[in-house]
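Going in written order, the chains are labelled A, B, C, D and E, and every chain counts its residues from 1.
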Amino acid sequence: MPAPVVDLDRVVVTYGGGLFGRGGFQAVKAISLQIAPGQTVGLVGESGSGKTTLGRVCLGLQPLSSGTMRFCGEAFGALRQRRGQLSVVLQHPEWALNPRLRCGRSVEEPLVILGMPAKERRGRVAAMLENVGLDAGFAERFPGQLSGGQRQRVAIARALITEPRFIVFDEAVSALDVSVQAQVLNLIRELQDRHGFGALFISHDLAATRYISHRIAVMYQGEFVEVAEAARFYGTPEHPYSRKLMATIE
Amino acid sequence: MFSIFGRIDRLSRFGFGLLVFLILLGLIGPYLPLGDPMRIGAGPRLSSPSWLFPFGTDELGRSFLPRVVDGIRATFLLSAVAVIITAIIGTLLGMVAGFFGGVADQVVARGADILFSFPAILAGLLIAAVMGPGQISAIAVISVATLPLFIRVVRSVTLGLASRGFIVAAQVAGASPWRVMIVHILPNIIGAVIVQLTYALSIGMIIESALSFLGLGGQAPYASLGSLLRQGSAYLTFAPWLVLSSGAVLSAAIMAVNLTGDAVRDALEPLKGRSLT
Amino acid sequence: MRILLYFLPKLIFASITMLGVSALVFLALRMIPGGYADVLLGPFVTPEAREAIAVRYGLDQPLLVQYLNWLGALFQGDMGVSMVTRAPVLDEFLRRAPVTLELALLALAFALAGGLPLGILAGIAPPGHRGGILARLVGALGASVPDFVLGSLLIFVFSVWSLWLRVGGYVSPIEDPVGNLRTMLLPALTLSLFGIALVLRTTRDAVLRVMTEGYITTALARGERPFDIIRLHVLRNSAIPIITVVTTYFGFLLGGAVVVEVLFSIPGIGFFIFSGLENRDYAIVQAGVLIAAAVFISINMLADLAYALIDPRVGSGRH
Amino acid sequence: ADDTIVWGKPGEITGFDAHVAGTVASWQMYQMVYETLLTTDDSMALQPGLAESWEQTSPTSYVFKIRPGAAFSNGRAVVAADVIGSLMRIKNPETASYWTAQLGTIAKIEAPDDHTVTVELEAPHTAFLAALAHVTAAIMPIKELEEGSFDPTSQLMGSGPFMVANHKQDESWSLTKNPHYWRKDATAPETLSALIIPDDSARMAALRDGRIDFTTFSNPDVALMLARDSNIEVLPQQTTNYYRMDVNAKSETSAFHDIRVRQAFNLALDRDAINDLVFAGSTTVDYPVPAAFGKDACHNTSTYALSREDRLSKAKDLLAEAGKPAPEITIMATSADPVYGRIAQVAQQSITEAGFKVDIVQPPVAEYLDKVFTKGEFDVSLSWLAGYTDPSMVIAWWNPNFAIWNQSFQEDVPALDTALEEVKSLPDGEIRDTKLVEICDMIDDGANLLALVSRTDYIAYRSDTIEVKVAKRSGSSNTFQFIYDFKSLD
Amino acid sequence: MNNIVSCEDLVITYQSSNGPVRALDGVDLTIAEGETLAIVGESGSGKSTLGMAMGRLLPSEAGREAGRLEVDGMPVFDMARDDLRRLRRDTLGFVFQNPMVALDPTMRIGRQMQRAMGRRARAEDIHALLERGELDDPERVANSFPHQLSGGMAQRVVVAMAIARSPRLLIADEPTASLDASIQDKVIGTLCRLRKESGASLVILSHDVHMIARHADRVAVMYGGRIVEQGTTARVLGAPVHPYTRALLKAAAGHEKPGEWLTPIPGTPPLLTGRCAACSFEPRCSVSRDICRSSRPKPRTVEEREVLCLLAGSEAERKEVAQ
């Protein structure tokens, strides 16, 4: 079995605190988690339970207060060394893309950062846009001329263009309409089958999460209260909080 | 550009038109048959407005109209140079403060506070005293007075942008901080900067003319609208046209800038009202 | 407690700012060409005379020593003596403070009386409403006519037609209250035009912003009368930006009304600092700028306090 | 209704010490409080002051009789010790008085009795008496000074018509009549208050609305501006003062290091244009020996005698000869008085015609003084010069060994120095006049300190509220020397 | 049965900087006294516009172009200001999407409640009302500022305020969309309980089909500014006849089996600038015919519900459903 893409070991994140670092707030409390290549872990929980913080940890954006984070079996290092290996898709479609860049340019950006020659880039962008179900003409459009679903597709295209090993989706579909949500969810599933990236799918919508995830972690006040196979959430989950969430989709 | 023009109301359009007119006048003024602004003794001293001297003559017998036209250019040019320099510095500092946070933010924010807690005109007096009166120190004064404006706005807009998806995505993709700032942040704050720029320009024009009025701005015979006012104010009751004409043109110029600023802002971040019924 | 926690860092930052201001002023003054010796002696300065005066005022010591001496004295409430009158600077300031304060309060009163109602009107007037356009015009005009232009205009009008008001000079309100008003009204009006525009524009913006908020819709939905909505929701919620500019403006009036004080020959703080600078009277300028900055900063802290009282979210860490 | 007159004072004093301060704004206030041994009359002839009589017993010795009734405002009579103490204080280097040199070198000063002072000079010094007539030689209450009850650096106390009752800096002065003033027939009112109003327009407004009764202006146009007001009179007072330009001969970086460029500059200056355009023709072209003294010592030097065309072509020739057909220069004038800016601009236009490239800067006074007299960092500086009451006093300025403050920019011409030394001791008369002509030629040739036009003071007052007495001519900025004869009409 | 709302051919247009937007394109709807009606539809279909129109709370750039809207027998768009205010105060109650925005941040909850209840409300009344809204510690809540409450609590406050004067019509625009999944159901439960107690009518505007299925008596599906299908919840959601309703249900996650794929609706909803002359769903419809492109559907009754579809109930359509 290959090494997990992301391997968290008793990770703790403390925010703020007074002038001398006292009295901080533990947003993530000693969490351990492994995400295998090609696997999606869903993360659900109420607002403020620490989901986003955990996502930032997996991306190497959040300094740890204690614990370790390993990426593909190695220490994480600096973000710059991991160029092209990680991606993220966030909530708010209207903030997902730089409104001043044409969509093609946005999708291309990670390749530019990687230092890929321009000729090669062009072909990759066109192919990627097609992959997410947008015709090549979208490359020339500005985000303002796109619907929310289309924007989120472009954001996904940008996230996938470097064929990363790991992607975080933080509330990536929460702001979308049901119909569009289904489009995007299907897209992520298809692309994962094809590219085999590991993923962390953060949402407070259990229905969408269990549709897309292999495993689901339920977070409550900075801790996992339940981690189980997604199929489990079609039956009766163990933890009362999980059951409460289930009630909303019946 | 034209779509912006179409969206703004009549008052703003008037201001924009006035601005264009004044700038054009300042630019082509020297080529218009208005007379020589420098010619001492071109007419009798302190004569009231006439066909020959539409704004009258000053105490050295110079025709005042071409001097006012010259003053428009001087005032605009100096303030614009000052404000643009300041905008560049302020934008950079504000972006660094907002994006990096931490110590950089503290230093920049405290610096801005210190500058801000000097009343502009006091700072102006001090700077003009240190550097000697003249255009350079007027530019410095305007910079000191308007720098906090840019820093504050850019910093807060940058802070707001920092958590946006495209910024985070770029960071995750491994972009260097400078790349993020130049490619992703800068183009998105430029609107806010432009709005500040117009306001700073009007503040700059007020400061420039106030300094000139106190005798600390550009030096005679170079004439900005403020120094013309100072010149005329010695003859306020006897030759009021000197103060009235230069004062009116100065006020009109500042108003044109202000109204244009309003228009730009309304176009960039429209504030719709709501009726109370 | 919330307010205390919110305030403490601000106090610390304010002191840092004051220290920065003091160092800046001190340095700036030492860099100014020409000294008091030049002013006192006119053209007849000789190196000996300059030296004698430098020794008399301790200007012959190293800069750092001078600065520390000054700071040390400041902490004991000693601001030094004026070189011209050799009187304690503090006394001179205390004598002038009421003049400037009166001017500032008058101007502020005019600014609020004119700017607030017009601003609210402009904020709630439907697009194209005549009152709204008038208000915007006043705002544009007020922000555009520099004080010395308006001041000159008023001086012209009131010196040609000697209407009841007087141009320039100062009369103590204790000796002659009516005379005081006659001399102070014009400069106060001159200073207030910009204030009116400032308050008006800020109020309009703030009101417009508040009007789009959900709680206004809520209030409408529960059938409140327009007057009540303005009174209960609009005013309070638009207060913060208004307080911000009003305090900044007041701070400016207290320290920076130099042009108008010079124009109308009003012996206030601004004029004092201005002539102190002309005379290279270091102690006056140092103390003056420092006082102006201190007043400005304290007023801003008062404003911060006002925010905390008005908006319960301020300082609670949640917005 | 009360016995008060109000003076609109254009500027605050720059210090209290009458023996030190060198500005007119200070002098005018000192004159209200202090007296000098001698004073001058309408035609600038010396008159008794605190000394009711004096006698020159030899070319170097003088005897002064102090006026018996004179007393300081605290009631103590003025005695010989006060005179001696005051003069010695001026002489004391620690006081740092610029007047030291004008007094000549005093060998011995003694008081045979309380009312007699004898002075022995080391060498004849014609201007000695005139120097005593300037307010800088004010007689102070030395006893009180020594006791420590009077501090001349923060108080004014003299034997003059008024004493200070109240002072608010930059705002106002209140002076009351000195009850012990010796001139018992003085009509001066009980109170003289002064309001500090620097701005010309504001001062005019104050005059119109009656807040002040009298004031002074330097701008001749005020007469025009106040002409419509029938209750305001404007009196011109001719002075020996004149506007002048200093040209920096010392600085290596200045084009004026070359004497030919200086001469060209002097020739190209159009003094008539300055008179016409700045002063509306109300003043006169002036000379190193001021016109007000009635001497014509300098009138025939080439700068003044040639026609404008000749002067211009001569100037161009000189520039060509110097190899600098278009020297770039900056005229520095202070921002203290708008008149300077106007003179500078007219000068700029006239010398541009000779090929000069001219800039103008108007820094504040302190900076101007620093740059000119201390650092010598300027090309041309514009200011005015007090002509005092004797030609030899003002002309002494051309000797940098005397006017040491000019050393930063003035070239030392030994021949001129000698001549100036000589003229100091020559009594007024034909021999001296011939010497003055000789000196004028040398001055003109050096083109280092240039006289422009004379400076007239304009005293404006409310004819319906006060009666004033003003000298037609004044030599020591002694504008209000007859203040004791001013009268309140209401 | 009396109708609290009756709406005929209501057309509402926004004047925006990019030209007019026709948000409602002829809405026909009646709401009976005491019933719970849910209006579902994609974003931009006009739900909020319709809801706000019932209190004439639309922003000033919105205008009624045609049609009639009566609430409690009063013509909302043609009444005097004071009457309108009285209608809002006494007859209507609104619950908005985000409680944090709907409450004035600078005013204590108690004071805001009092404004809603009327001047004579005493502290006990306020506490009682809060208690009815299932807020456990009414005293503390009344003394709090909005930011001191959690989202769920704040929304309950808003609900309590909405029923303060026992309105006859409650309008809830996405009342739970801004809340956590785990408390959504509880809040909506509170709302429905209070409605039942007061016997008012309730209109829920939402795009959450699951939630609607549990709480509404009747469902109206909106698309392109019109109501395309309306009927009882069981009929409309259990056996939809409009292709749009069917597609909407198929796209919503929650009813699929593990491993099953969702079926999204292709394309995007229309943005109308004028009267739509055809079926507005036609471009995205999987069963559309030529006729759908040329004529505007009129309300028809098919299988005991009102439908706006030219094909509903036809042969071809039935075949499609069978597949």
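Note that in this section contacts are C-beta pairs under 8 Å (C-beta built on N, C-alpha and C of every residue); 3 or more make two chains touch, one makes a residue touch a chain.
Small disclaimer: the values here were computed from a predicted structure and weren't measured.
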Most widely separated chain from subunit E, with each centre as the mean of CA atoms: D
Result of counting contacting C-beta pairs for A-B and C-D, higher pair: C-D
Geometric centre distance via CA averages, subunit C-subunit B, whole Å: 21
Euclidean distance of C-alpha centroids - subunit D vs subunit E, Å: 91
Whole-Å separation of chain centres (CA-atom averages), subunit C against subunit E: 53
Overlap residues in subunit E, where contacts from two or more other chains coincide: 60, 85
Subunit C, residues touching no fewer than two other chains: 32-33, 126-127, 155, 159, 217, 220, 262, 277
Junction residues of subunit A, two or more chains touched: none
Complex contact set, residues of subunit C against subunit B: 13, 16-17, 20-21, 24-25, 28-29, 31-33, 123-127, 133, 136-137, 140-141, 143-149, 152-153, 155-156, 159-160, 205, 208-209, 211-212, 216-217, 220, 226, 229-230, 251-252, 255-256, 258-259, 262, 270, 273-274, 277, 285, 288-289, 292-293, 296-297, 300
Residues of subunit D that touch subunit C when the two form their complex: 12-16, 20-23, 93-94, 96, 98, 151, 153-154, 167-172, 195-199, 201-206, 208-209, 211, 363-375, 383, 404-405
Contact set on subunit E toward subunit C in their complex: 55, 57, 60, 85-90, 92, 94, 96, 98, 101-107, 115-116, 145, 147-148, 158, 161, 164
Interfacial residue positions of subunit A with respect to subunit E in the complex: 44, 46-47, 147-150, 177-183, 185-186, 189, 204-208, 211, 230-231, 234, 241, 244-245, 247-250
Complex interface listing, subunit A residues touching subunit B: 59, 61, 79-84, 86-92, 95-101, 106, 109-110, 113-114, 155, 158-159, 162
